[in-house]
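Consider the two complexes below, in which chain A is the common component and chain B and chain C are the respective partners.
So, the complex of A and B:
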């Protein structure tokens, strides 16, 4: 693994600040260039990025070290480095998401748009959850940065187990008592809609619809004990075992559904390969790829 | 479902049941069997048997990786799967580590499921955190990181969920690669999200065993991979959990939940029949009227 430098404590803050300044400066410079240059830069970086993974995959690794290298440059080590870098970029997408939420709901509240009260509720929920989550785990969050305890308010740095029960209990109530049940409820509501939709829409109006319904019925009943009870009289090991509903539904899934899924997957794979090549070589045109991209 | 003004009362009665009644009916038929348990047959299909056999053959000096990618929305299906699988690993005295990539809330929910499994197996003294298992927390799901992770685990994971450096966690000592002869012998993806295809791509070249626990709607796509041997076994939704509980002789929530699901499926079955009966009645009425004219 390529390790340039491991910063800790104040050096980490300095490194983060320097990286931020360098990134802003680089963006500023790129921003000053003309659209044609920006496009060429994008095309070049896309090509190099794709080429790297292409080579890393196709160049055979050293049988002893299991590492892939070209002219002394270890592709394997670079894969690990880029992998960690993408986690950092992924972290930024969370910041972007939070910024976007705050922006949208802030405007709703500021301009008193319709149902702005819900946006206010969002701010309340966001703030309370964040406060108690950070308060509960402050020592975990701040450990890598070496934040000195001196100077922090006593209610934060207090390590007394009894005193720390408050943030822990409130956080548990918010996560376990509210969020988890609300999320489960949201998903459960789908079941009610699906049942209602099945009742209203699943009407046999053609031969194909009849086949679809019969197969759906077999699969539905083959998945549950009540359905299995229907064919309980057929011996598990006998010659007619395939007629047991659980075996028949399994046969439908493996013998009929399996090949279709393979065919679809194969088609998708070919499409994906073609699409990847087009993106890699910047041949793709459209909303995100044309113009001044 | 549109009905002509001349629709008969029976046609209306069968085909226009108020949706609120449909919802209340679903609630009741799902709840009652779960509260008042019934005795119904449950037959174990081949995919859970394969998964059990694969875990039974795992070497005890290797680590099993669990990719826990479900949250509150899919906990009805995935939690019993996770608990049953972890209980099996505990019974086999295998070490395991958990990683999440789907949602940031996954590690906490996975942690609770594991704690529950440890309690149910009375293994609190044997399964000490850090020595027999660890929770590596959440990582952003992206191809470059996953490529780095499956190439070499250690550089891609610096800390566990609590911020403890991986270097000082005993269960993670020397754990670097996936594969039959490497440190991680098997990966089990318990998921309610689209993480499976990432693992197919990146885990495939390592030849490590791959087990899957997924929601019922995801399962039809996976039979092709089971057939090709890329999957070493699979649990399908709550049924998969119930089947695994039966294999291990540990009836728990998966088994109880199947009773509710049984009657819910029967309820949908009846509603679809009623809806089609209404179409049939309408068709017969129209024929009768045409004959009269």
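So, the complex of A and C:
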């Protein structure tokens, strides 16, 4: 892992403040430039970023260390560093996402739109979950700021699960007791939807639907004892063993379905390569910004 | 390609000793060479198309239906819902966003509302700006409603339940699902089906394709997904890259056929000698990293 500098204590706060000021200044400068310059800057940065990953992939690695390096510069380690920086930038955009949620639900409540009570519930859930999550982990997120534990009341300090502490209990109730079960409920609805979708799909309306129906029947019969019983009379070792339903369904999966999946995979891989090239070389201009699709 | 060849020759002559090891070249260089060759074929086709070379794209029903589904929503006076899937801000989701912007631009012309939903906050930042610019470019910035570009949740099933809720409450006339999907795909598609929405879905996630085929009216599968923008815009650069992809697929097909022949011949000859020319060819693709 490439490490430029590890800051501790006051230097950490100075580095954070400097980085913040530099980022704001840079954004301000870019904001003042004309759209054409911004577009060129985007193209240049996209190309440079892509070039780095291009080099990291195409320069063959050292077989012993499995690391890719050019003139002693380890590209493999730098990829991890850039990955961390990307995660930080992604973290900032999360604030935008939260802003969007607060904005939409805030308007619902403020204008008493239909079902505005659900939006109120959103605010309640958001606030309670945030409060107890921060409270439970307070010593984790205050540690870098050097907040002393001594002197704080015990109801703040005590987040230990063994002591049946309030923040831990409430957080566990919200996360394990409510959220996980609600998620499982949503997932379980899938079982009913599979049946209704399968019913529609298996109605033979066309040649393709008929093929789908026949293949599905073969695969289902190959999985259940009743299906296997139908072809039990065919010898396991005989020349017609392939016609036993469990063998035939396996053959359909490996000899027909497998190659088709792989062929789709090849097509997708090539599509991904082409799309990546177009984005890297900014050939997609006009698709997202400044043009008509 | 010639630059890569020159660099490889230089590495062979003056680089580390392992560059002279045939096994190393097979394991670490051959695969990269193939990818470079495919990339070059695609770029060459793009350049050819840019210079005015003719290109033909076959009809893709799911993409042809986009105009029709936008028109349906306009006639019914109900909104369009568009899900960008559960992916991050990557190439797959950017392709979904490109299709979404095409739908938005069409809908702006008819004054139809499009509700764009996503799971990733980084994608939300890009999508919000792109949709805003689409309205400005169409000369109707006042029609842009920020609430129609929605970040729902970064949790898979919270995202799914929010989508189901929006589709049910708004009674969307047309529902689009493009991007990466997992278990929530069928839940959302069935919810849209229950409100009578016409559905177009496209995903590179092969495990979800059967669910989409069962639940949606039009499904875009495989590399059709990446052909979407080229098909919708007929932009020479994009069409050219499709031609390049097809040529690369031909190369794959030819290699696969040669491989099948090579392995069949080897089996018939009962050849076990590792130095056998056909065996060398058959083993060429094994273990490349």
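A few notes on this one:
Everything below uses one rule, namely that the second predicted complex is superposed on the first by the 208 of 293 C-alpha atoms of A that agree within 3 Å, B and C clash if a C-alpha of one lies under 4 Å from a C-alpha of the other, contacts with A are read in each partner's own complex, and residues count from 1 in each chain.
Heads up, the rule we're going with is that a contact is a pair of C-beta atoms (placed from the backbone, for glycine too) under 8 Å apart; a residue touches a chain by one contact, two chains touch by 3 or more.
Quick caveat: nothing in here was measured; it's all calculated off a predicted structure.
Once the two complexes are laid over each other on the shared chain, residue contacts for A:261 go to chain B and to chain C alike.
Of the two partner chains placed by the overlay, only chain C lies in contact with A:270; chain B stays clear of it. When the shared chain is aligned, chain C comes close enough to touch A:115, but chain B does not. When the shared chain is aligned, chain B comes close enough to touch A:220, but chain C does not. When the shared chain is aligned, no partner comes close enough to touch A:40: not chain B, not chain C.
In the superposition on chain A, contact of A:82 is made with chain B only, not with chain C. By the document's definition of touching, both partners, chain B and chain C, reach A:198. Touch criterion met: A:90 reaches chain B and chain C at once. Touch criterion met: A:183 reaches chain B and chain C at once. In the superposition on chain A, the residues of chain A contacted by chain B and by chain C overlap at 90, 93-94, 182-183, 186-187, 196, 198, 200-201, 261, 265. For chain B in complex with chain A, the touching residues are 1, 17, 19, 22-23, 26-27, 40-43, 45-46, 71-76, 104-105, 108-109, 139-140, 142, 144-149, 151-152, 154-156, 159, 162-163, 216, 219-221, 223-224, 226-227, 236-237, 239, 258-259, 261-269, 271-272, 274-276, 279. On the side of chain A, the complex with chain B involves touching residues 1, 53, 76, 79-87, 90-91, 93-94, 140-141, 143-144, 175, 179-184, 186-188, 191-192, 195-196, 198-205, 213, 217, 220-221, 223-229, 232, 236, 244, 246, 250, 253-254, 257-259, 261-262, 265. Residues 4, 16, 18-19, 24, 27-29, 32, 35-36, 38-39, 42-43, 46, 91-92, 94-95, 97-98, 101-102, 105, 121-122, 124-126, 128-130, 133, 137, 146-147, 149-152, 154-158, 160-161, 169, 183-184, 186-187, 189-190, 193, 204, 206, 211, 213-215, 221-223, 225-227, 229, 232-233, 235, 237-238, 241-242, 244-245, 248-249, 252 of chain C are the ones that touch chain A when the two sit in their complex. Taken in their complex, chain A has these residues touching chain C: 57-58, 60-63, 89-90, 93-98, 100-101, 103-104, 107, 114-115, 182-183, 186-187, 189-190, 193-194, 196-198, 200-201, 212, 261, 263-268, 270-279, 283-284, 286-293.
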